[in-house]
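Here come two complexes built around chain A, the first alongside chain B, the second alongside chain C.
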Partner chain A sequence: MALGARRGQGGNGSSYLFLIPALLLYSAFVVYPLFTGLTYSFFSWKGTLRDSFAGLDNYAGLLSGAFLDQLLPALGHNALLFAGTMLVQNTLGLAFALALSRVRRGKRALQTMFALPYLVNPLVIGYLWTLLLSPAFGPVNALLKPLGLAMPWLGDPDTALPTVIVITTWQWVGFPMLLFSAALGGIPQEYAEAARTDGAGSWQVLWRITLPLLKPAMATVTILSFIGSMGTFALVYALGGSNGAPAGATDVLGLLFYRTAFASGDVNALGTSSALAVFMFTFIFGSTLLLERVLRRKT
Partner chain B sequence: MRLAAAAVALAMAVTACAPSTTTRADQGKITLSVWGWGPEANYDKMFAEYEKANPGVDVDARSFTTATEYDTILSTGLAGDNGPDLAWLRAGANLQPLVEAGRLLPLDTKDVPGLAGYDEKVLRYAKGDKDGKVYGVPFAVQTLQVIYNKKIFADNGITPPKTYDEMIASAGKLKAKGVIPFAFGGKDDWMLPIVASIFGTAHWGGDEFIAAVKAKQKKFTDPRFVEGIDQLNKLKPYFPENAAGVSYTDAQILFSSGKAAMFPGGLWELNFFTENAKDVELGVFTPPVPEGQGLMPGFTDGSYGVNVKTKHKAEALKFAAWLASKDYGQLYTDTLRIFSAVPGVTPKDPLLGEVATTFDQHGATYFMNEFAYGNPSSAAVFSKALQEMLLGRITAKQAAEQLDKSVSTWL
Partner chain C sequence: MRASIVKVLLWGYAAFSMTPLLVMLLSSFRPTSEIFDRPIGPPSGLGNYVKAWTEASFSTYVVNSALVVVGAVLLGAVVSLLAAYPLGRREFRGRGMFAAYFVSGMTLPAHLGVLPLFYLLEGMGLVDSLTGLVLVYAAGSVPFNVFVLTAFFRQLPHELDEAAALDGAGPFATFWHVMLPLVRPALATVVVFQFVPIWNDFFYPLVLMRDETKLTLPVGLTHFFGQFQNDWGTLFAGLVMTTIPLVVLFVLATRQIVAGLTAGMNR
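Presenting the complex of A and B:
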């Protein structure tokens, strides 16, 4: 409240002046490329040479049979990654946060340990896990073999995407945990105490007091997970290469864009990939706005 | 923040960073910059020979990553003013975007006399598909075959197979002894068409079949082609367990560590194995087919092109002429242990000599590079289909149908 009042009083033009440097950088590195990408998508290309105006031809190309056969599964895998992230990573993150809220000693150390993997570049993580999971030399299968559970985890289309979800969780679980921990810290102890005085058990406190009060944090985590899952590239690239091996089971929009733009060898690669980039941006941006609306309304 | 990241990814497509200037002139010397993807030291050594004979020229070799990033670096460099004077070009389909954009100088035999001697089979990979002009001096020919560990063969009383049945029997013998017969991994899907062609080219009849497909007289669904790629299924028992999950590097390590006896792959592997498995004595053979002699597929690996904007056109062309000469060809083969594309070069290395003889007698065109067009490229579609086949999800016939369908979108 105090902040809002102060802002109201000092609201003159000079404060906008301070926004200019950031705005310039933002325009040069975000708005301008976005806009050029958009214009590129309306032209046909000969390598890096702009050819003729193509109207919506590049977009029509995205919907052509051969391309659509890649686009739809890739989009589906992005959606599955999002679902898996929500189900596994964020649930675990919440559980860790709740458990940590009861820990008195070493809480900081544990938090840091959980959060550590997400400081490592996903490419490095991906490379490490391909070594760990290698069916020929990997220690994971060596440990699982006596139990009869040795599998080509990343080599079988049925297990590849779930494995990616598990690795993503391993890397990112600390992130929802930190957000939930912060939100938990913001819930006054009195609520729970009052509920207990009224005879509520700990499950009731969790279901009726803690979780409803965590809804804003859940909305934030959901939206960030959505954007992260839709834009994922580095980890899947390191795990399955640019084609989303095995047999395209880990193919996602980011890989499809990479292949189309840089690895197809197609003369019009720039046109098709710009159209794909615009589609991805519009889709992710639109869905995020929609998601935000729905989630914020509920809270 | 994540939105910003998405925007940056989008920007990557349109504004790749411009490389720094490489052309500089010192003490009246002209510097020719050459971009490529091979180890710089090797090229510095070879180009020093040219510098000795041409004191006014300093050739500056610059190496970038061999991965697809090179294509982006080069197309950006050639589009701007700071590009190289000469550059390595990809072969065939991936060369076309640069040709269409008019970034390269067409070469003729007047400037580069050596081009006249090249086999058309080799030279056409350096040509523009539409205008038929030559845009590069091809530098290497890669052959595909089986590389084997001589000691493991000798220990198990095996010799390079003369017949198909002998190959299967030998593989079975190795497997029974706990040695993986073929180190092959299908996780990196670009390896799949390579290995399919090593075992299958003779089944579908090599170049004759390729020509018939291009002339639309035959289709990839032809039973002979299906039988050829089905070899991967037939040989599956002799590949590492869960071959589709084994990566290319895993396969290399299986062979270089002596856990596997044979490695189906390109001749470029020789360098890797010589470096990483110094004590392993290597041999090569072309897998026979039930009908008899197998075919050894090969392809032109790249070429030297001249930037249309070069400030030293005369010098660049003179250098290109040297690159097409037998002198350079011999130097290339002996330095790098790779076949030079220059005609009439005899490799000093005995193993390379052996391969050269086989390739002369039983060489064929590597089919996949001929069909690497389209978006998605038919090569990518078929690699994925072969991976699915190796996983047992589709049959060889279905994989061939996918290739046929993809090729029909652009042929």
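Presenting the complex of A and C:
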């Protein structure tokens, strides 16, 4: 032990040498930009030139009429995506995990097939579905036409967002499925057996034993889904472009930030978009903490 | 009876899950006119791939993407490996603070610093440069890499350093000859995990790259979709080419991916 302690002391200086490359790289290209971005939001800008200290003016600008008219719908669409993800994708993922826990043959193959779309680039997914759902030549509408169900899925503001939710589910359902499967694997068989000897039916075992024990996994899935839904960008960009077509029906915070920063033509674009970035971060981080508190509460 | 209904539903969903990808693959081998004629049909040749590769500059995009991914994953792995060694195995002042500094990056939304990052790179002459992208991705990979590698270093047996010290090895020799060979499995996890997000990343190149000859696949894909709008066969071929490297990686590294997924689960 004494030897170890002495050696540790002797190596003190070289320990820092080992750290230097990572410190430099990470500080310069991750930490510095994030904190500078925070300071950007407190100044008014003329193009790329810093003009004057603006206090909270940029933040007030986010809440002004014209901008708020974009911010609120975008935020609403993010929220609807989250709700849809929870309702459709995560419920399905849970159902699949429960069903798969009883399957013996072909379980691995099924899991792989469910999870495969999750490997594909969201941008590719977006473009692929644009083609598949195309009103003129897409195979989906060709299939649905005899049933009288052909529709411009992504072209109609009423169906565009639900379609995005279905596509997101198709891509990501394997993720909650794998998490719930792993959690199910960690529940001792004896619990269910004990309940059954006490006369519980399979529904009762599910409601009283299995689902309560899956709570921690549900919390994890909910929080990751929230972060994912709030940060969505590439998929909606591929499906509706940077304006969230049709008619802004798929506009989200990520697209709004991109437009404000790089395509607004506003002289104070740097100030406004930095304030928006800080707002997004605060909102997402704050909500995540809140979700953690509520979902992980011991009852 | 009930069990068989469940089975039918499961296999039905599996079909729903796979069909779009199969249609993509199949259509990439069919001329556009045939696709418009009948959405599903037999494959007939590699023409779309030749066209996407030569006319749509996929050759450029793929090479750029490969250079960026390999450069960033290597650089990120090397600097993180160096940092994780003292963090996981040596006593020094401020160790906990440094570890927290690195790992806090996992919760920070790095995308939000994109404007200052743009001006930083511009000042260094690294906008529109593959080197710039490599630096950005490598830096972004540091928090996760350091986290995983530090944990791995910590669980290697302590006798190793003691034996190396008795043999007169200094910290660098210990790192190089003793630690590096042992840490390989963790290094594989780190490489596999960084490859996918970097290969797929769309946001940074969208902001940082303008020059058509420097584009990586995702932004290249957006240009390509504008250009070849009505040439569906070529579009499908482009989509397949963007996807294939990940499928190959998945097949080669399933075990690492699954291990990594389950490792992050019980946090």
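A few notes on this one:
Keep in mind that, in the parts below, the second predicted complex is superposed on the first by the 266 of 299 C-alpha atoms of A that agree within 3 Å, B and C clash if a C-alpha of one lies under 4 Å from a C-alpha of the other, contacts with A are read in each partner's own complex, and residues count from 1 in each chain.
Heads up, the rule we're going with is that contacts are C-beta pairs under 8 Å (C-beta built on N, C-alpha and C of every residue); 3 or more make two chains touch, one makes a residue touch a chain.
Just so it is clear, the model here is predicted, and its values are computed rather than measured.
Applying the stated contact rule after C-alpha superposition, one finds that A:85 touches neither chain B nor chain C.
Judged by the touch definition given at the top, the superposed model places A:233 against both chain B and chain C.
Shared-chain residue A:58: touches no atom of chain B or chain C. Once the two complexes are overlaid on the shared chain, A:245 sits against chain B while remaining clear of chain C. Of the two partner chains, chain B is the only one touched by A:264; chain C is not. In the superposed model, A:277 lies in contact with both chain B and chain C.
Contact with both chain B and chain C is seen for A:30 once the two complexes are overlaid on the shared chain. Between chain B and chain C, the partner in contact with more residues of chain A is C. In the superposed model, A:135 lies in contact with chain B only, and not with chain C.
By the document's definition of touching, of the two partners only chain C reaches A:113; chain B does not. Residues common to the contacts of chain A with chain B and with chain C across the two structures: 29-30, 33-34, 36-37, 40, 48, 137, 231, 233, 261-262, 270, 273-274, 277-278, 280-281, 284-285.
Those residues of chain A lying in contact with chain C across their complex are 3-5, 7-9, 11-12, 14-16, 18-19, 21-23, 25-26, 28-37, 40, 48, 92, 96, 99-100, 102-103, 109-110, 113-114, 116-117, 119-124, 127-129, 131-132, 137-139, 142-143, 170, 173, 178-179, 182-183, 220, 231, 233-234, 237-238, 258, 261-262, 270, 273-274, 277-278, 280-281, 284-285.
Taken together, the chain A residues at the contact with chain B in this complex read 29-30, 33-34, 36-37, 40, 46-49, 61, 65-67, 70, 130, 134-137, 151-157, 224, 227-228, 231, 233, 240-243, 245-248, 254, 257, 259-270, 272-274, 277-278, 280-281, 284-285, 288. On chain B, the positions that touch chain A within their shared complex are 2-15, 68-69, 71-72, 75-76, 78-79, 90, 93-94, 96-103, 185-189, 240-242, 244-247, 250, 253-254, 372-377, 380-381, 383-384, 387-388, 391, 393, 405-406, 409. Of all residues in chain C, only 3, 6-7, 9-11, 13-14, 16-18, 20-21, 23-24, 35-36, 39-40, 75, 78-80, 82-83, 85-87, 90-93, 95, 98, 102, 105, 107-117, 119-120, 135-136, 138-140, 142-143, 146, 158, 161-162, 165, 170-172, 175, 196, 199-200, 202-203, 206-207, 218, 221-222, 225, 232, 235-236, 239, 242-243, 246-247, 250, 261-262, 265 touch chain A in the complex they form.
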